[in-house]
Amino acid sequence: MKKSLVIVVVALMLLAGMQVSAAEPIVVGAIVDLSAATALWGQSQARGIEMAIEEYNAAGGLLGRPLELKVYDFKMDVQEGITAYQRLANQDKASVILGAPVSNLLLALAPIADQVKVPIVGEPSDQRATTKSPGQPWPYIFASQATCVDYGETAASYAIYELGLTQLAVINNKGNAWADEIAEAFIAYAKEHGATIVSREAFNWGDTDFRSQLSNIQRAQPEAIFVPEYLQEASQITRQAREMGMDMVILGPNSYTPPMVELIGSAADNVYFVNNVAFDLPQIKEFTARYVEKYGIEPTVNAYFGYDNAVIALEAIRRADSANSQEIRDALEKTENVQGLIFNYTFDPVTHRTDEFIATVIKIENGEYVTVGQYKPVKK
Amino acid sequence: MKEQPKTLLQMNNVTMRFGGVVAVNGVNINLSEGRLAGIIGPNGAGKTTVFNLISGVYDPVEGDIRFRDQVISGKSPSEITHLGIARTFQNIRLFKGLNVFDNVKMATNCRTEYSFMEGVLGLPRVWRQEKESAAEVERYLELVGLLGYENTWPENLAYGLQRKLELARALATKPALLLLDEPAAGLNPTEIRELMDIIRRIHKELDMTILLIEHHMDMVMDICEELWVMNFGKVIANGDPEHIQREPEVLRAYLGS
Amino acid sequence: MNSYLASILIFTGINLISVLGMFLLMGLTGLLSFGQVGFMAIGAYVTAISYMRFGLPFGAGLLLGVGVSLLVGLVIGTVTLKLRNDYFALATYGFAEVIKNVLIYFSGYTGGSMGVFGIPAIVTLPMVIVIFLAALVLCRNFKVSKLGRNSLAIRNDELAAKVMGINTFKQKLLVFLFSAVFGSVAGSLLAFSTYYIEPNMFNWSKSVELIVIVFFGGINSLTGVVFAGMALTLLPEILHFGAEWRMVIYTAIIIVTMIYRPTGLFGRWELSLSQILGWIKGRRKSAVGRGGQGA
Amino acid sequence: MLVQQIINGLSLGSVYALMAVGFALVFSILKFSNFSHGSVIMLSAYLGLWFSNRFDVGLFPTLLVCMIGGGTIAVIIEKIGFKPIRDKNGPLIYLFVSSIAISMFLQYLMTALLGGRFFMYRPLLKSSSWRFAGITIPIVNLAMLAASIVALVFLLYVLYRTTIGIAIRAAATDLSTPNLLGININMLISITFFISGALAGIAGLFLGMSLNVYPQLGGLVLKAFVATVVGGLGSLGGAVIAAFLLGLLETMITAYIGGAVTPMVSFTVMILFLLFKPEGVAGLLGLSSGSATQKL
């Protein structure tokens, strides 16, 4: 007992000594959900970030300094997210902050970041998180992902122009901003492009049974149902629809990524969804394999986002040649041709997002994810 | 005894039923002001129900109850308390979250005049009235012999003291009519004698009309000026104690013959 | 001041204001309510919308929010407080859900699920502290006056309270409205310190957090509730080292405390001004408030 | 269409009912809303998932394991989370708060342990629904309907025809009565929690089979709370019927008015109902034992 205690103490002292001797690390912060309903995404994202940081550290860090990652859980609570951001900026002196797989936190953080002046790289699909007013971005917020509008329009365009489906139904949680924004974009695009929304159904947070809405949809006889929903709801809607004999095409956003098929099996067949990335890309396959080996579990798409956000931020540090938040921010704005897993990122300085969204449409067939190809919505 | 005493409480043909059970059946009671009176009768005779009817816990199915010529049946318990009727409970119902002092003080609340807003703002009137109440509480505690127990929690009091506390609490509403539901239940002979003295003092010093339910016959016969005897929900006799003791109906009810 | 510390203190203060109202309603009066978060939502939305859309100053918007909360509270209270207490609990839960639903549904005014965005930073730490202290004084006055005694009497034995002359319905309604004011004010402050509000911020789990704080501190002790509010808002910050185990440790601490102190951490103990003065003067007064240390 | 919606309503009601029986049982005896019931459902779902996968067994062995497991978990929760409070004579409401804290704890625990992952049962039933004449009947929900009715009948039998049941009912009016009858009150409460937990186990298995298995699965217990309160006076029959009515109400609002307003309309209907029928569903159907409106 005593011996092991001595060993531990010595080891701790050695560690402490090493830290002092090494150069002061550059602190990278991350805010994710590790304990609430989206913990699955948050954890995946945190690990993706961790893998990026480890890669850079293995290559000697940046500016001759090691990188230190600080991950804070915010349990989907905006108040906690704000204190986490403040803590990272003020207490931990983070140079740049990554994260939040959901938009609402970044909507709250945008004006705060304006004062605190530590940039955030996340993937809010709500455009308001990066755009203060048309033509004016929030200076400290950057997004690696496309907007809800992009997702909605791409799905609608694909249904109309590629699948030739014009009788469409939409079901989503009216309380889920992300889902509702995608749904509205889908509907607007579909109407503009000559399709008909034959049924528009809504449900609420916490609902698990969608048969009543699905019965209404069934009666309207759509050719496809659009389900822009989180994993749990999307899986239930799809499964219950199939149970009711609704074999039509189901369209969705990237929540149909794994583990969807694992959960609902053959019910997921005949689903087309809009994703950011093709799973059969070599870099994705390689990364996924490393992830599985390291953590013993399949990643969700959030791991790729996390990794890419980290790469974008770290490359900005490299370009800025400084750990100063202000200079990193300026460098982030000039992000150009930064190769991540998903994209080759170039930020538009006006929107603080990728300048172009190229979606990958994936079809689920016999329980397999089949990449149909890259797709850009038809614009009128 | 005064000449032509005024009627304080009047129950006219009051009936109360629970489901199919008639608990009180056409009861008539006329209680004069200034009396110290009692209701006696075997268990289940409907005595406590009469109290519950007077204090507004139940509304009678038939008949009416008047207090100072005003109909009170149908009014809520708190309204009736405001009109000047207070009571104690057979199974002691003290407020466990309040200490002895506050148990009595809360009963003065119904007479304090400050409003909710004044209360939360803590305006001077609040403190003045709180002070007055506190002084009153001391008096009542002194009267029942609970001085020195102010900061005790009621559940930590001996049983006899809890009974006294209930009494003090009822007094603190400053009633004209005090209803005591078995005040001597569970007390030992010494405590009963003490209680009788207290009740007499209240009757005389505070000039209160008192109606009590009691099983201790010695006590009832000793202190009550007038009695009603109930059996099976009905009043079977009424009169002064000497008269009641001779009433054959009463003897039958008690001997169960 | 460090803006991290400031934001923690602001949120602690806002939570405490809301919790104080719940303490009066659930602690002293014994009415189980899941509705506080609904009044927070009303306060937040009314203040934010009246500021953003109609240019009403923050203070006026806050008062308007209080007005709307009182109106809504009056309807719910009048309808349900005469019924059994568990109907009141159900009604308040329903009320909070309905408010959320209304905010989502009438999106033309509220922004629906997208919420209200870009609310300016008007709330400052001194403002929160002043309002909190004012709320604390009101609560203390409530507790030591007849209002507090009435509430405790109702909680213990509603019928006996009635017989002692308390209009229990009126008292319950007033306390409910009073606590709604606290919730509404807290909501207004919240909106202007998170800069963004959405309906889902005001959900059931938020109510539950507030309920736990009230009972953690003790249903009889204002001091306990204030302490619990501070401790339980700060604890998650301290526990960040636990990463994904953070909330597990947090809830475990709550459960263990409740098992060991089933009347709340502070029982009936209250800190009084004279005691504080006593300590300052260095007198060795025994630290026992009126009533002593509760079991 | 109407027929299908009625079936939808009953199938949703069966989910609520199965949760409500166990919830109402504890509510009727200990007089508090036991929100940890949801956690027992959630943990049982994980237990059944693990068991059916690990040992590759069918529905009935899994059901048995879920019932025993759920019952055991509920008893453990009672011993750890409620008994100490009862022993120290803590206010009743602390049991309720403790149950909330426990359910939060278990939800966070499972999230931390499994990283918020979602799981699915392998198919324990040959098919998941019956379809004929354009009507779909989900089989798992049918099983839930059967289970809640069987559970209700069984409980009513136990409560009204057995010694232990009479003791439990006596405890429901006054917790000290069974002591007078020479029955150990702690034993009685343990039995009550075991039965309630076993019902949660059934609910856990069926919910896990029809939804997915995830840490927030127990959140549905709020509907059981609603059904139990609307049911009235802790009446088991009232709670079950209220659960079905709630399911039908929500379904009909969603079908004919729109899912976006379901919470608004359903809560308004419920409050109006309670205003006019203050005894709840139990009073409506004469299920209550007729306790007086004023108690002394």
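By written order: A, B, C and D. Residues from 1 in each chain.
Heads up, the rule we're going with is that a contact is a pair of C-beta atoms (placed from the backbone, for glycine too) under 8 Å apart; a residue touches a chain by one contact, two chains touch by 3 or more.
Just so it is clear, the structure is predicted and the values come from calculations on it, not from any experiment.
Common neighbours of chain A and chain D under the contact definition above: C. Among the chains, the centre nearest to the mean of all shown protein C-alpha atoms is found for C.
Compared with chain A, the chain whose C-alpha mean position is the greatest distance off is B. Taking each chain's centre as the average of its CA atoms, chain B and chain C sit 40 Å apart. Chain B has its Cα centroid 72 Å from the Cα centroid of chain A.
Spacing of chain B relative to chain D, judged by their CA centroids, is 46 angstrom.
One inter-chain figure worth recording: chain C and chain D are separated by 30 Å, centre to centre, where each centre is the mean of the chain's CA atoms.
Contact of a single residue of chain C with at least two other chains is seen at positions 100-101, 104-105, 159, 244, 247-248.
Listed for chain B are residues 57, 89, each touching two or more other chains.
Residues of chain D found to touch two or more other chains are 108, 111-112, 115, 222, 260, 262-263, 294, 296. Those residues of chain D whose C-beta lies close enough to touch chain C in the complex are 33, 80-81, 84-85, 88-91, 93-94, 96-98, 100-102, 104-105, 108-109, 111-112, 115, 222, 225-226, 229-230, 260-264, 267-268, 270-271, 274-275, 278, 294-296.
Of all the residues in chain C, the ones that touch chain B in their complex are 137-139, 141-142, 145-147, 149-150, 152-153, 155-157, 159-168, 174, 178, 220, 290-292, 294.
Of all the residues in chain B, the ones that touch chain C in their complex are 55-57, 76-79, 81-82, 86-87, 89, 93-99, 102, 105-112, 114, 116, 119-122, 126, 130, 133, 151, 153, 169, 173.
By the touch rule above, chain C contacts chain A in their complex via residues 2-8, 11, 100-101, 104-105, 112-115, 117-118, 120-121, 190, 194-196, 198-201, 203, 236-237, 240, 243-244, 246-248.
Those residues of chain A that touch chain D in the shared complex are 34-43, 174, 201-204, 206-209, 211-213, 215-216, 219, 231-232, 235-236, 240, 243-245, 259, 262-265, 297.
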